[in-house]
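Each in structure tokens, the structures are laid out below.
You will see chain A twice below: alongside chain B first, and alongside chain C after that.
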Partner chain A sequence: MPINFKIFVWLLCVLPALTNASGTKSVDMQVQADIHASMQMQWHRIEVDDLHYQQMKNKIKLKPGWVLLPYGLYVELQTNDVSRIVSLRVNNLISTNKIDTIATDSIYISHNGNALVTAKKDLAILDPEDRGLLKKHVLLFVIKTNPTQKPGQYLANFKFVSNTLP
Partner chain B sequence: MRMLLLILLLPMTAYAGMMSFSVSPSIIKYETVQGGIKAFDLTFINQGDNSLKADIQIMDFNLDKKGVPVITNKSNNTGQWARFVAIDKNNFKVGAKQSKKIHVTLKTPRGKPGGGYFAVVFNTSAPKLKRKSKGIQNVMTIGGQLPVLFIGEISRSGKRKVKVLKGAVNKAPYTKEKPFKLRFVLKNIGTTHVNVTGDVLLRHNKKVIGRLMLESGSGLILPQGERYFVATWAKSDRYANKKIQAEARFSYVGGRTSKKISFKIP
Partner chain C sequence: MNIKKIKTLLVLLFISIISNTHSAIDTDMQEVASLNVNAVVAPYTTVSVSTNELSFSVLGTPGAYISTDVVTLTVDSNQSTWSAFAQASSLVHNDFGVADLPAERLSFAINDSKQFLPLKNNVLFLQGVIDQEPEPVKLSFRLTTTWQDTPGIYKGKVTIAFLNNP
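Our next item is the complex of A and B:
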């Protein structure tokens, strides 16, 4: 609960008593509370031997040439804002020598075991209807390989984009 | 086809994390005058147990047809005012349970009547840990992005005008999970933003058989933007094989518009 809201409740309880105690007959009081919209997220990487990984992996149908990355993300998200939408953004994978890239055109995401969707667009994972709920997400990543891609070690960059619907 | 090998070597601790933060306010609506200077304060609050690093950018913003903000790089496009905005800091670190204020200054442009829009975008990440080893670090990075939207207007200078581009119904069959829906696309052809509300009157044999609200969140449409307005009709099965006329009526400050479509429910 935001601190401001606690202060508001505290003032609501305490102020009338204080004003009575001071001996005044009446007081006009206006209290304004400001509750901030907030987003909370917690994540950890899941490996092949993780139960979440295994459960979701079994739901994905892979075709020849598609590679399921040997790790995924387990994310817990929560927001108190009714007009907030949270999306996952995946950037191009960049090799550790910063020479080669695997573009998002070749990257696909499975969200909670659902059908693969392209990583070219942000993937909405928290809707306004989910307000206040602690939503759990398992995200696995598939690369549709092609001969132009080079084997090696790549850097992955994920971002959770939180937007307020105006 | 050659198989691609991706080997990521970092220790597990680098792959777990937690962020809890907010920026207040998240939307700022304002009016200004040509050549005027407007100043705004934004507060970034780190509610988490770890410190956070924030990089701040001024960017353009638009809305897609569903009303979701689309943040893009600063441009010279009409109605985008990011290039007239300055901030007092571009990045900072905030300790756990701490907050930081940033100061945003807009120099309102001259000769650009109507609405002006921009976003102050907070890109957050956990500060990098200093490690003794020179090995590969941060093979996987995770961050958060939270934009503050600025919706402005030069007072009494904008033209408000909206037109209905098209109206359609979704394809049969209709079920509880996939009910009958009417969808209209509106375009703002004015020079400032509008908030549109609408409903749709359903008629059969010139007799009104229903009135549905058209839903589209706040109904905000930026200049040259388009937005969907959708109504769900739960009682459509009662009128199977009958010709229905739908009149969608939209209103906004300074005007109204409408569109008629007819259809037969299979």
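Our next item is the complex of A and C:
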């Protein structure tokens, strides 16, 4: 028997085993993940002795007649939703006797120590480009006083407004 | 031929028959024919999973979510040794252009183990030998999500592959 033929026969016997040895079987499982829009937000009032308050207070330049309120807000928020917008809405300050008001025309907001912005408009604290980021905000409030405002105690009303872009 | 000769022949024939009969009974069994039997035991491996679909419902804030289904995997093989590997593909969002969830965000645990193995590459998780009765294993899958993950439906697959070593 020629030697080549022997090798051929040997290979014929061995190859199936080798193929089987290296062969694999597999099972596929389909995976589906449904991720829903989510937002996490926490806030608390900060007082004058709060470190955040002190840090941001030092950045604010007050003009004569402007009064910085002795409290503010510390807000942390985060979302995975690209269409989510969160804003701060400030209402008129109302005196405790519910007669007098200080309109939002006279209220300004310091956002993380940046230049004061009017409270007449909602202040965006979470934009679509902030998606996925943990946003931290220190919000302080300034009253531009004028002679028409009556002295006394006033109540502030702040709202966080969440909108979803279409 | 005369009758005497015929009688003689008959007697000899009778003696011969009797003698052969005794011989067949008294001596050991002798091979009179042989039959070659070839039994071919083909290599086989059967694999079954209790479900071929995994689903994750991420309703709350990002984190680790366990799949609603626990997969029971059963392997039966006559191979001397065999190995089982797991691998996952990235989970692709339904909308074009949204970043995938990388495969390593999927992990799995065997039976009641609390240790989850990330499905980064082919992960060897089970080995069997021929003299050991294979027992079904329970596979729990976990998906880890982050705030950066866009809401929506993602799809992919987990592949359980088997390598036979005859």
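Simple rule for what comes next: the second predicted complex is superposed on the first by the 130 of 166 C-alpha atoms of A that agree within 3 Å, B and C clash if a C-alpha of one lies under 4 Å from a C-alpha of the other, contacts with A are read in each partner's own complex, and residues count from 1 in each chain.
Heads up, the rule we're going with is that contacts are C-beta pairs under 8 Å (C-beta built on N, C-alpha and C of every residue); 3 or more make two chains touch, one makes a residue touch a chain.
Values in this document were obtained by computation on a predicted structure and should not be read as measured data.
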{"item": "Touched partner set for A:Lys57, first chain B, second chain C, both or neither", "value": "neither"}
{"item": "First, second, both or neither for A:Val82, with chain B first and chain C second", "value": "second"}
{"item": "Which superposed partner A:Leu133 touches (first chain B, second chain C, both, neither)", "value": "second"}
{"item": "Superposed model, chain A: greater residue contact from chain B or chain C", "value": "B"}
{"item": "Which of chain B and chain C A:His111 touches, first, second, both or neither", "value": "neither"}
{"item": "Which of chain B and chain C A:Gln40 touches, first, second, both or neither", "value": "both"}
{"item": "Chain B/chain C common contact set on chain A", "value": "34, 36-38, 40, 81"}
{"item": "Sites on chain A touched by chain C in the complex", "value": "17, 20-38, 40, 78-82, 131-134"}
{"item": "Residues of chain B touching chain A in the complex", "value": "1-9, 12, 15-22, 24, 26-27, 45, 47-48, 63, 67-69, 71, 123, 136, 138-147, 149, 151, 217-218, 220"}
{"item": "Parts of chain A lying in touch with chain B, wherever the complex brings them together", "value": "2, 34, 36-45, 64-65, 67, 69-71, 73, 81, 83, 85, 89, 93, 96, 102, 143, 145-147, 149, 151-166"}
{"item": "Partner chain A, residues of chain C touching it in the complex", "value": "43, 45, 47, 49, 51-62, 71, 88, 91, 101, 106, 141, 143, 145-166"}
